[in-house]
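Accompanying notes for the structure given below.
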Amino acid sequence: MLFLSDNAASVHPLVWEAMRAADAPDTPYDGDALSAALDERFAELFGRDCAVLWAATGTAANCLALSCMVQPHGGVVCHREAHIEMDEGGAPGFYLHGAKLLLADGAGAKLSPETIRDVIDPIRDDVHQVQPHAISITQASEYGRAYRPDEVAAIAALAKDRGLGLHMDGARFANAAAFLGLSASEAAGPVDALSFGCIKNGAMSAEAIVLFDPAMADVARYRRKRAGHLQSKGRYLAAQLHAMLNGDLWLANARHANAAAAEIAGACEGRLMHPAEANELFVRCTADEREALRARGFAFYDWGDDAARFVTAWNTRDSDARALAEAIASL
Amino acid sequence: MLFLSDNAASVHPLVWEAMRAADAPDTPYDGDALSAALDERFAELFGRDCAVLWAATGTAANCLALSCMVQPHGGVVCHREAHIEMDEGGAPGFYLHGAKLLLADGAGAKLSPETIRDVIDPIRDDVHQVQPHAISITQASEYGRAYRPDEVAAIAALAKDRGLGLHMDGARFANAAAFLGLSASEAAGPVDALSFGCIKNGAMSAEAIVLFDPAMADVARYRRKRAGHLQSKGRYLAAQLHAMLNGDLWLANARHANAAAAEIAGACEGRLMHPAEANELFVRCTADEREALRARGFAFYDWGDDAARFVTAWNTRDSDARALAEAIASL
Amino acid sequence: MLFLSDNAASVHPLVWEAMRAADAPDTPYDGDALSAALDERFAELFGRDCAVLWAATGTAANCLALSCMVQPHGGVVCHREAHIEMDEGGAPGFYLHGAKLLLADGAGAKLSPETIRDVIDPIRDDVHQVQPHAISITQASEYGRAYRPDEVAAIAALAKDRGLGLHMDGARFANAAAFLGLSASEAAGPVDALSFGCIKNGAMSAEAIVLFDPAMADVARYRRKRAGHLQSKGRYLAAQLHAMLNGDLWLANARHANAAAAEIAGACEGRLMHPAEANELFVRCTADEREALRARGFAFYDWGDDAARFVTAWNTRDSDARALAEAIASL
Amino acid sequence: MLFLSDNAASVHPLVWEAMRAADAPDTPYDGDALSAALDERFAELFGRDCAVLWAATGTAANCLALSCMVQPHGGVVCHREAHIEMDEGGAPGFYLHGAKLLLADGAGAKLSPETIRDVIDPIRDDVHQVQPHAISITQASEYGRAYRPDEVAAIAALAKDRGLGLHMDGARFANAAAFLGLSASEAAGPVDALSFGCIKNGAMSAEAIVLFDPAMADVARYRRKRAGHLQSKGRYLAAQLHAMLNGDLWLANARHANAAAAEIAGACEGRLMHPAEANELFVRCTADEREALRARGFAFYDWGDDAARFVTAWNTRDSDARALAEAIASL
């Protein structure tokens, strides 16, 4: 019973189906009909104009989006536990040509105008210090916390006031929207660019870079090619994105994963390090308890010495979630 | 009847099958069993130790391989019509952090020790000029020409003598090997790294970076992650590579494409700009002739004002190839 | 008798004097009074608004100026014998983060709208090919040729038409202006940025980056610091630039060097590879002839197998120039 | 009475003299006799082989030294208040092509094996996290603290154990050596590279990059040219370095500055934020007190809201130091 991560889950049958349906040759790269339809498709979803590019990883999606906002001599404010800081092998340094991540604090790996200001206000406006060019937030955060619309709006207002771009890493955007019970548009808020995650949510190898300023897309397209991310058979990636939007599969999958997480969370009273708002649970438990759970067939990662991380996915079986909940309750 | 390119051909059924068979969850990134088996699998094919990484595009494969050989202040000797110079959107500049492509000549987009020396011998050994760190050749070349083993050996000897790395862009390596009637090992020769192309040859989204000095793999692995090319569901890419090697599908597919090209070439007497040694044909013909061919249902690219390029693929129908041959013959 | 290069000539007494006069402490970096006065000083010289930054080398000046015009995924059209291509150790690749130099032809290392178009017109407007972002020309050129005002204007018109920045490498700008008998403004024409060279013309370690769009200066200032070129005792560099402008020392020095070159050129009938328009002479002569000249005490560089390069400087003695002219005449 | 910084102090008369003496033309770049003699000169000083390159700023010296040790995908451990992190405008990101600064703690801006381990031990040895390639320490530290030989040795042992390069930013190395009463060799300890600062200590525009592994110099020389830091009249920089070593001027100047600081420190009982070990004093005082000092003619920087920073230099007048000491004592 796997609760290791959603990042290696199987591909959803409807995604497979869409990929197979894309098998007939079409124009290479992003010249195919499916790729060409993405802008409109996502514009409908978000209720505003956007340009959409596929990319094979969240790391590439995040970095390409940021490369439209940040010059090499600038910086990106992000949480000190943000994925771009902790888990992308220095990709922002590569894609942004040495631009700097400016690390801010905040409970649950969420930023706020206050913690952003704590970082940027002390920066003197002179050439000796790297100036912020953008802010990046993660929805849901690295600890599974969802930004509320007013929270995103407040950060966006600060960004606008300071002339900074605003990027949202949405590797688990669907889980946040599902938890909040909000539309895609409401869950994203007035960000300039969104990495709309699909791979953790049932796709195989396609994330959507959603650029709400279509002018940014010109840069992003050149940078994507230059980064070796313009696949010649791009239609198979576009097909995955379409499959995720069709019938709101993205939301259905996320709701399933969230529900499984919620069921487990119900058994974790007093143990949760962070409120369960998406599909990740950070659960205090001893080494003995973790051993006991593993003995009963549950696979998961330790989280430091005193906790475990459980992640549910679109395909987590209800019975597995129930079993884990019961096992934790019985510890 | 499509002769535009092999780069957007459908995915081979055995590749689909292998991808589906990889659907069960496994360790993410390249920790899965299929990815872990690649080194050994390719070592068998090439008869010498190697480390193998998958990558989603030939551009990424080429640039990651080169990043193991070339420092930012160095250069790469390549043909002035090489793919890395002409068609990768400046990716080598990005991946190699501003290292320079040093452009050499040679008929059929093939380099030789002489044309390489023409470029590197005039470079003074001082800091004012960019020094070569590596050589990159393309097998088969951008004009569909295959390097013979003695040709590769001669270039490799020069590379060794000058302390340069030797990279082979094998986007159509299979077509070259099939044409030459040689083993993979013989067709590659003593190169240090090979981009073993699969996407143009029936795969969907996986090329193999074959590093014959396994020590280079340590750099390549960090650089791949840093470039956002470490997919979390990497097993689907590894599966494609295994499928291509199984039963020598890579060779069978290339032989099919080559045979189709040869059939068409047979009708092009006096028209071929380059001997047909792989699956690309550069055929002199007037605008009127091209119009006539298009009117009969053939899709292909113009090649300048006085020629057309026809590319066959693993799935080119015999009847289509025959029809094109007849159509050209009847011009 | 030294005709090797002007790049290592002694420092002019008036430059020394100005540096000594700047010895009293002032605000560090470019906060001192001398640095602050540069914008206005050069605006007077050029008759239009500009922002001026000092830099310690022509390489840094060229690359910092270009970094205001060229994004990492773009390219710079320059002559294939341009200094930025041939002699800067790959600095443009470093400063422009992998942007590409797009090499054009032209007699005497001068570009023209035609040769620029030969390079940029074949570039397809797609992401597979690096797009031009700027043009760089050298005044006087690497072969000592001066662009006439109508020539610069024609290139500027093309640049404007294509949305490209226009940079002028003026390492020997003074020599060109002196030869043409034109004001600084006329000799520069409507370029966007000029590397106004002083070091070859009597300064020690200061070139002026002249940005005619002051908005570019904001980028240039950050990039200069980031490149480690913001010296804390910047007043000594600013002092050099002021000294060069005072009483038009820049012109006087260049006139002297040009006159010496002209005297020598007068003895080179039939031998000059390029018309002598500045202070560099490329003179056809045999190895024996070069040996004979060296035996008589002249130091200079070979230029290939069949020529020699003689460079005069602000401090070339009239008697040395005369002696060289006579020696060549007597060959 | 200036106590703002030592970074804009006047140039020492003996440095001026050496520069004037270098005025005769010599081979350009670093081919002159003075530059060529640097390796041997510094090898004598340090008692071990080294290669020495001049550079015009400490930022360039630090970054060029680090570029010999750190690959673009790696990281540099430094103190979170290190100059390379706080005050170099992102230069390390530029010179190291996006490599990351890994920030460690330590009182007085000094690192220790423990605080270094706190940063590097949690880094998993996988491609998702940036791996350390080098450590950089500052002697004297950004708070004017000197590393004792056993402290440097302990860090060097850790570096060696982990396969990391060790760099010392010696912008105020002379002040540390003078304070410690140690030879250059003892004050540097077994570091791999040292930025030997001269500009704050009486030079105009030359720092020495001292590479104790001469093999690193090959990379450093190419990188220096590529960064536009290879000045054509390099002899004027080499002359400055020679002047600093002649008769141990570097030590004499530092002793003078330290003595002035010590005199002032004697008046700061209970006010010093950090022990005074070099030529910088961080002195607690109220806004009113600072106003009072300024009213008496002292120029200095605020250090946050509750302190002031006073920096002495090679040319601080004894009477000024005494006056400041008395003024502080009388607050």
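Going by the order they are written in, the chains are A, B, C and D; count residues from 1 in each one.
To be clear about the criterion, a contact is a pair of C-beta atoms (placed from the backbone, for glycine too) under 8 Å apart; a residue touches a chain by one contact, two chains touch by 3 or more.
The UniProt protein names, listed by chain, are A, B, C, D = Low specificity L-threonine aldolase.
Only a predicted model underlies this, so the values are computations on that prediction, with no experimental measurement involved.
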Identified repeat of the A-B interface (over half of residue pairs identical), from A-D, B-C or C-D
C-D
Find the chain most remote from subunit C, comparing centres computed as mean CA coordinates.
A
What is the distance in Å between the mean C-alpha positions of subunit C and subunit D?
34
Subunit A and subunit D, separation of their C-alpha mean positions in angstrom
42
Round to the nearest whole Å and give the separation of the Cα centres of subunit A and subunit C.
50
Each of the following residues of subunit C touches two or more other chains, namely 72-73, 88-90, 93-94, 97, 127-128, 222, 225-226, 230
For a test of understanding, state which residues of subunit C touch subunit D in their complex under the given definition.
2, 4-5, 7-11, 16, 20, 23-28, 32, 55-57, 59-61, 63, 88-91, 93-95, 199-200, 204-205, 222, 225-233, 235-237
What residues on subunit C touch subunit A, complex-wise?
71-73, 97, 127-128, 131, 219, 221-226, 230
Subunit A residues within the subunit D interface of the complex:
72-73, 75, 86-90, 92-94, 96-100, 127-130
